[in-house]
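Across the two complexes that follow, subunit A remains constant while its partner is subunit B and subsequently subunit C.
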Partner chain A sequence: MDGFLLQIFSGLANGSIYAAVGLALVMIYQSTHHINFAQGEMATFATFIAWSLIENGMSYWLAFFLTVGIAFVGGLVVQRIFIRPVERAPILNNVIVFVGLLVIFNAMSGWIFDHTVKAFASPFPTVSAVFPKYISGHQLGSLGVTLAVLLVVYLFFRYTPIGLAMRAAAQNPDSASLVGIRVSWMLALGWGLASAIGAVAGMMMAPVMFLDPNLMAGILLYGFAAALLGGIDNPWGAVIGGFIVGVLENILGAYVIGSDLKLTVALVLIVGTLTLKPNGLFGRRVITRV
Partner chain B sequence: MNLLEVKNLNAWYGATQALFDVSFDLKQGGITTILGANGAGKTTTLRSMCQTVKTSGEVVFLGDRISGLATDKIVRMGMAHVPDGRGTFTDLTVEENLRLGAYSRKDKDAVSEDIEGVFEHFPRLKERLYQQAGTLSGGEQQMLAISRALMLRPKLLLLDEPSFGLAPLIVQEIFEIMRNINKTNGVSMLLVEQNASLALNLADHAYLLETGNVVLSGPAKDIRSDESVRRTYLGY
Partner chain C sequence: MKIRTLTLIIVALAVLVLPWLLTNFRVFQLNLMIVYAIAVLGLNLLTGYGGQISLGHGAFYAIGAYTAAVLMDQASFSAYATIPFAAVVCFAAGVLMGFPALRLGGHYLALATFALAMAVPQLLKYKGIEAYTGGVQGIVLSKPEPLFELEFLGQRLSEDRWMFYFLLIVAVVMFWLAKNLINSRMGRAIVAIRDQPIAASALGVQLATVKTLTFGISAAYTGVAGALGAIAVAYVAPDSFHSFLSISFLVGAVVGGLGSIPGALFGAAFIQFIPNIADEISKCAPWAVYGAILIALIYVAPGGVMGMLNKLKKGDAK
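And now, the complex of A and B:
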């Protein structure tokens, strides 16, 4: 029983990170109808920035917030420079740009910070203050941080005028521009936010997995599975999907398939969702008049 | 000074030209209608005002040249557009739709007050305030579209086929309310309608468009009594 609870808690801790990555994917999908394949590599690059700030003597939390800020601006700049020119282009052009960004960010991580595996410190105590038997200090801390991020994102979209404008721009760009919203900038803001959320996920993952240029490659798959499972057009579905994927992966890994085959869970979920329930658990079926 | 002056306006969809040297102007405070058959260029004319189609020529709004400006800038100058198809933000609540209408206004404090003001014209929306806008009936969505546009406190309201797809009684109700809004708020309106008799009743000035050209213009009551308009567009 103890072992089972341990798996559940560590599944929730991992799941919160998948939830954050899934949310980042959904945010960009909602406004552009594309999956940003580079989401994970952008997060890895941001995590390297945090690492080098901390290595150079900056305190953890200062580096954390600075990195979130840098990631936000970086996402915004990437949208303006690389995505905006293909906004109206066919889907394949977009996919090529996304793959290009993935390769560029991955290569930049290796080129600037080299490919050796690095330890990334956790800001949390090793032993958890609550349920020390079932959850480690870092797991509890990262669960707390990602939940806080999700809450902030929720409040931002729900209660601020700019959040409302971003939702409007994603949903109906033509109407949005007719009420005076600068739709193109709202898309850029969305990229900034998604990139910042990804950076948080990266920094929370790095102490568990160690930091190397491929840190987030697998996590992106889990995040994608989370987003698909929850419904790719539903941000809160993606969050719930993230927790489900995290717990499922851990339990199956511990008791059924073994930890080497864990990533298969994500792949099976992706294929399974797409074939059996393409709209996900909480997604809406979109009917388009032609 | 005229509220709006349009000179030699051309508009294109891709390589297809939809408007040919259209010129007209609007007086402050009035209701003007543009009549015409399907494909005459009515909707395109409205879209050209907000620059959501490719245009050439000159559009002057309140003394400022607006041709070539971005849509959101023109909206911020006080031009509100009720687009064809109503442009409802279907997943957002009625209240959020209304707040979006006031998005580009600087006097945020007056917004809640204005929402109340809108309910005086459309009390039905008040009952639906926290409902998803997509669940509203067609008539209610049209009311919402007009209300959303009014939330800008516009100097000019562009209305694209507000009667489209609605039951005659609802249409009457909405047109009556539009007349009231024009009287009480003094908002100038440019109305595009297929239902010519309805539009000529409401408007004080009318232009007739045929295949992208203005072929007739004058006070609404003169247009109404024009022999060919009567036969072609009023059907008696």
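And now, the complex of A and C:
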């Protein structure tokens, strides 16, 4: 029973990170109807920036917030420079640009910070304050950070004028621009936010997985699986999906299939969800007019 | 028309003599280029003509390679006999993947196939099938021996040179088949579905059947390429089928020109030789160069090399 609870808790901790990645994907999807394939690599790159800041003597939390800021600006700039020219192009062109970004960010991480595996510090105590038997300090901490991020995102979209403008731009770009919202900039803002959330997820994942240029490659897939499971147009669905995927992955890994096939779980979840319940568990059914 | 026939003959002769003018290692690289050309052609049938995006063709390449390797290693098949098997196995795998693909458009399909590409190396390492696949170590094969001895221009007919001619024959057949497929009723249906799915189905094209079949045929092409690749390299291991392999096929298809059959040759030359050049700058440079060229092409020349060539041709005609 102890072992089982341990798996559940560490599944929840991992799940919170998947939830964050899933949330970042949903945010970009909601504002642009695109899925950003480079999300994971961008997050990895941001994590490397945090690492080098800390290595150069900056305190953890200062580096943390500075990195989130850099990631936000970086995401904004990437959208302005690379995505804007293909905003109205066919999906295939968009996917190719995303794949190009994925490759470039991955190569840059390796180029600038080289491929050696690096240890990444955790700001949290090693022993957890609650349930020390089942959950480590870092897991509890990353759970808390992710929940805080989710809360901030929720409040931002629900109660601030910019959040409202972003939602309007996503839902009805034409009417939104008629009432004076700069739709294109709202999309850029969405990219910036998603990039910042991705950076948080990367920094929470790095102490668990160690830092190398492929840190987020697998996590991106879990994030996708989470977002799809919860419904790609529903932020809360992505969060719940993330926790479900995390727990499922850990329990299946521990008791059923072994740790070798964890990525296959993500594959089966993605294909399964898309085939059986394409709108996810909490998504709205989208009706297309023919 | 006469000039065209003449150039064709000269080019064909040059290609036939080419392996004797190069070192064995260069011939080996050329062999891989031919293999990639077939793989890129397969992806192009699906993405260029069919409009379905796949970031997972590396998976079919891996399945083809392993089919060939396991048959040679476990059932002592001759290398040549494994190729039809690889085609059939990959066709089946492609059709299986084609079913969920029916429901998925655009991004979702790219995503699901990308997950496939990521999962395949893990599946190949799986302990339960280690007896056949050799686990992480993979399978070491031997290159097929030339059937006869020959000396030309002071060079021996080595395994690689022999392989070159074999690959050339297979490639010519595959390209010819692809050209005929595209010019057939089926090919027109594939393109019609890409451009106007509703109009196509109103004209009686079976969307589901054609789409699934396209996926299967495309996977079979890439699977054949995988089998040929395994034979040419004489080695398969899970980590050579990293998800970036799928991305390089996409790079090849875009560089050569989506929706163009000869474009696959340019795409294959690009993915085979550009990394070697970029490698001299830095170990990571090839991928950065890939990414930059990929994005730049989408902005300035979405038609790839073939698109540019066609434009030049039209300019001449004026």
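One rule holds for everything that comes next: the second predicted complex is superposed on the first by the 289 of 290 C-alpha atoms of A that agree within 3 Å, B and C clash if a C-alpha of one lies under 4 Å from a C-alpha of the other, contacts with A are read in each partner's own complex, and residues count from 1 in each chain.
Keep in mind that, in the parts below, a contact is a pair of C-beta atoms (placed from the backbone, for glycine too) under 8 Å apart; a residue touches a chain by one contact, two chains touch by 3 or more.
Everything numeric here is computed off the predicted structure, so don't read it as measured data.
Asks: Looking at the overlay, what does A:Leu274 touch: subunit B (first), subunit C (second), both, or neither?
Replies: Second partner only, subunit C.
Asks: Just subunit B (first), just subunit C (second), both, or neither: which does A:Asp174 touch?
Replies: Touch partner of A:Asp174: subunit B, not subunit C.
Asks: Quick one: is A:Val256 in contact with subunit B, with subunit C, with both, or with neither? Answer first, second, both or neither.
Replies: Neither partner.
Asks: Mind working out whether A:Phe82 is in touch with subunit B, subunit C, both or neither, as first, second, both or neither?
Replies: Second partner only, subunit C.
Asks: Go through the superposed model and pick first if A:Leu164 touches only subunit B, second if only subunit C, both, or neither.
Replies: first
Asks: Which partner does A:Trp111 contact after superposing on A: first (subunit B), second (subunit C), both, neither?
Replies: In the superposed model, A:Trp111 contacts subunit C only, not subunit B.
Asks: Which residues form the common part of the subunit A surface touched by subunit B and by subunit C?
Replies: none
Asks: What residues of subunit A sit close enough to touch subunit C in their complex?
Replies: Against subunit C, the touching part of subunit A is residues 34-35, 37, 82, 85-86, 89, 91-97, 99-104, 106-108, 110-111, 217-218, 221, 224-225, 258, 260-264, 266-267, 270-271, 274-275, 278, 290.
Asks: Can you tell me which positions in subunit B touch subunit A when the two form their complex?
Replies: Residues 50, 52, 70-72, 75-76, 80-81, 83, 87-92, 96, 99-101, 103-104, 108, 148, 152.
Asks: Mind listing the subunit A positions that touch subunit B in their complex?
Replies: It comes out as residues 161, 164-165, 167-168, 171-172, 174-183.
Asks: If we count contacts the way the header does, which residues on subunit C are in touch with subunit A in the complex?
Replies: Its residues touching subunit A are 47, 51, 53, 55, 99-100, 103-108, 110-112, 114-116, 118-119, 122-123, 125-127, 198, 243-244, 247, 250, 254, 258, 282-288, 290-292, 294-295, 298-299, 302.
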